[in-house]
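The following pair of complexes shares a single chain, chain A, combined with chain B in the former and chain C in the latter.
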Partner chain A sequence: MIKCIIVGYGFLGKRLARELAAGKIAGVKLAGIASSKGYIYRADGLAHEDLPERIDRARGFEEAPASEMIRRELADLLVELTPTNIESGEPGLSHIRQALEEGMDVVTANKGPIALAFEELSSLAEERGSLLLYEATVGGGIPLISLQKRCLMADELLSLRGILNGTTNYILSRMHFEEMTFELALREAQMLGIAERDPTLDLEGVDTALKLLILANSLMGLRKKLSEVKIRGITKVTSEAIAAAKESGMTIKLIGVVGENGLSVAPRLIRLNDPLCVHGTLNAVNFNHRILGNLTIIGEGAGESTVSALLNDIYEVVRARSRRL
Partner chain B sequence: MRVRLTLALYDRPGVLLRALQEIAVNGGNIISIIHRRDRITSGYVPVSINVEFPDAASLDRAKMGIEGAGIPVIEAETLEKAITTMIIVGCVDVETLLKRVQELGSRVAALSMTGGAASPCLKLVVETPSGKLRPLVDVLEKLAEEWNALLITEG
Partner chain C sequence: MIKCIIVGYGFLGKRLARELAAGKIAGVKLAGIASSKGYIYRADGLAHEDLPERIDRARGFEEAPASEMIRRELADLLVELTPTNIESGEPGLSHIRQALEEGMDVVTANKGPIALAFEELSSLAEERGSLLLYEATVGGGIPLISLQKRCLMADELLSLRGILNGTTNYILSRMHFEEMTFELALREAQMLGIAERDPTLDLEGVDTALKLLILANSLMGLRKKLSEVKIRGITKVTSEAIAAAKESGMTIKLIGVVGENGLSVAPRLIRLNDPLCVHGTLNAVNFNHRILGNLTIIGEGAGESTVSALLNDIYEVVRARSRRL
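Right, the complex of A and B next:
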């Protein structure tokens, strides 16, 4: 039985904990959960009724850093779900580094560590014979990384472009269809919980840039840094610009591109009949392969769907461990 | 790709045929030939040949072959143009913009402005010779940055 601990107990952590405590993945036991306040750990596994709304009010609460629980003798698998920090990648980066050094497998939805330190972490995982899986960092539940790594590994990925941020896509879609101003569409997105209270990283294109980096470095073998991505956000996109695009059978979307001109994130004009032109909170990515040519994949890029990607990665850990035995 | 090759042919029988052979062996399909005998200078006749080549590499090979046969290639102008739409959000110096587009060998086919002084938005439809779009976008991006405006291109 694989003992799993979840570090980061927000929306995703709670939702995933419920799935694991309910035994949705055979062979995996949820042994611990941690937030910034402390952790609860039970070697024989946490049941559904043990899952608190707030960790610091739970039975067996330890007011201590999560790192105390990231030890090989306590757990086999770390699911790292702390919030993304684009400056340092912390605390996720230290958690992942510690788990890999301990010889644990790691599954994460935290973009920061994977975007900022992919090379270091993937080398460490390889050296220790551990798995580092991060499907949930890009495109929510859309299987972008596993699609390339498992189904298309023999074909060369030449370039890609995509809508990788649901918040900005929602805002631009509302501006296109309802002729809303940027400010109004943003306010609506915040009221609906689609945009965060501080949406800067989404609106300025940084969230898209981090995801683009993860795809470029992990699927195309590039070694790019965030400072090498040319980033422009959507805050200057006006209703007039959307109307002008519409007149020409186009709209404006925030598109991330990895191509011959490097990595860029910018609002771009795309034709309404382009397969990439999806609306609302949907994400879409177009891969251009040497042999296969173009392949576009569309899906929900955040929220609940991300749990699907996490569960699949955990399932992959179970499969890999059963092969190792 | 369609190209207009301008050659300086020495006015002697068989020279034009030699140039045409180089075009043909490199996959070029000749659309028209204009032989300007009225413009002979120092024994050379300017000849304009419109050719459809399968790709840029075939054009390069044909040019090398023609020049290798001692026939100077004065110009190889790409006739194909990409038509692209761009939007600039913010205050723009239209005169400078049009001048730069022209300097880079492109042409503004349509231009419209909306939003007034409060929220200016300029839409351009630009005809760009093949291979010239990227340099044009780079220049316009720099101009937009100077003007604190946002350039939105297709892609």
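Right, the complex of A and C next:
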């Protein structure tokens, strides 16, 4: 039985904890959950009724840092779900590093550590014989990383293009279909909870750039840094520009590209007929392979769907461990 | 070193043989190729220059049935690529059965045996500890089977919808965009080699039904037969019907569905904005999962791209065998 701890107890953490406590993954026991306030831990497993709304009011609450619980004697698997920090990657980076050093496996949805320290963390995992799985960092539940690593191993990935941010895609879709201004579409997205109160990272293309970096480094063996991604956001996209595109059967989307000219994120013209051209909060990635040619995969890039990616990664940990025994 | 034989030496067989002879998959040696005329076999491997245009004119040609070569002492892996026969599944069915009984692994692009005898063949493979991989039977190189089996194991597949036949999709796309009649679009498709001289199985929806059956039985654990699929083809779709759909931002596509009401294939209205709504010869499948929600995957469903699926399946055989050692 694999003992799993979840660090980061927001929307994703709570939703995942419920699935694990309900025994949705055979062979995995949820032993602990942590927020920034502290943690609760029970070696024989937390049941559904043990899952609190707030950790600091739960029975057995320890007012201590999560790092206290990230120890091989206490758990086999860390699921790291603290908020993304794009400057330092913390606290996720330290949590993941600690777990890998302890010889634990790690599953994460935290873009920061994977985008900023992919090489360090993947080398560390390999050195310790641990698994580091991060499907949930890009495109929510859409299997992008595992698709390439488990289904398309014999082909050669030459380039990719992606719509990787639901917030900006929602805004651009409203501008296209409802002929709204950027400001109005943004306000609507904020009211609906699609855009955050401070939407800067999304609008300026930084969120897309982080995800692109993860895809490029993990799938194409590159060693790029965020500073090497050319980034332009959507704040300068006008209703007029979109209307003009529309007249030619096209629109404007925020597209990240990994190709011959490196990594870039920018608003780009795209044909409405292009399979990559998805609307609303959908995400889509188009891969170009040597033999297969173009393959496009589309789904919800955030929210509930991300729980699916976490569960699939956890399942893979169970599968890999059972093989090793 | 895994010794591989290819039975069926048409477009796919030749293209795959070139990749294997060029050593594109480490750990695999191409030992033999067979057509309906006979075979050539060389235990130490066929090199690129040994690959003939026609087998019966090659050095070392044996005028004997391929079954003579499907033996454990001669090969570890059969790649079965004979033409699809939807009545009996032959000769592919006998080839695959023989290989599995010999304890060989099997990779195939042949829809017949997998659609008609999935239960028998998959049980036989399990019993003998052999692998039976058939990604190439549906959607060309688009990873549909492996996507579900290797990337989405922890989620639950509830239903699926697919555009699974490039010929009919080409015809319907031309009718939509160029306002052609069905007859004209069909003639054009035949001239371009997109439709076969006898396109009945495609136009009547039978090809789509076979593929739908493979997806339903292998991914959703159903035990359906071809006779249980409700099938209606596209021969009755008129320009007027498509024009009317177009006025409402929709079109008509030949869509296969596996859902609460069983399996069906029929021309259906679909919104142009729906990610599943792809054009030309593209194929697309939309999966609906319990947690992930909707996921759509799009690519070329025939030709060159199918070679990618064969190579990925062969790669998986190498990976699985290396684990067993």
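As a working rule, the second predicted complex is superposed on the first by the 325 of 325 C-alpha atoms of A that agree within 3 Å, B and C clash if a C-alpha of one lies under 4 Å from a C-alpha of the other, contacts with A are read in each partner's own complex, and residues count from 1 in each chain.
In the analysis below, a contact is a pair of C-beta atoms (placed from the backbone, for glycine too) under 8 Å apart; a residue touches a chain by one contact, two chains touch by 3 or more.
Note that the structure is predicted; figures quoted are calculated from it, not measured.
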| item | value |
| --- | --- |
| First (chain B), second (chain C), both or neither touched by A:Arg161 | first |
| First, second, both or neither for A:Ile270, with chain B first and chain C second | first |
| Which superposed partner A:Leu152 touches (first chain B, second chain C, both, neither) | second |
| Chain touching more of chain A, residue-wise (chain B, chain C) | C |
| Touching partner for A:Thr238 - first (chain B), second (chain C), both, neither | first |
| Chain B versus chain C as contact partner of A:Met250, first or second or both or neither | first |
| Which of chain B and chain C A:Arg59 touches, first, second, both or neither | neither |
| Which of chain B and chain C A:Arg197 touches, first, second, both or neither | neither |
| Chain B versus chain C as contact partner of A:Asn261, first or second or both or neither | first |
| Shared chain A contacts, counted only where both chain B and chain C touch the same residue | none |
| Parts of chain A lying in touch with chain B, wherever the complex brings them together | 161, 232, 236-241, 243-245, 247-248, 250, 252, 255, 257, 261, 266-270 |
| Partner chain A, residues of chain C touching it in the complex | 19, 24-25, 141-143, 146-147, 150-155, 273, 275, 278-279, 282, 284, 289, 291-300, 304-305, 307-309, 311-312, 314-316, 319, 323 |
| Parts of chain B lying in touch with chain A, wherever the complex brings them together | 85-87, 89-90, 112, 114-115, 119-121, 123, 125, 134, 149-150, 152-155 |
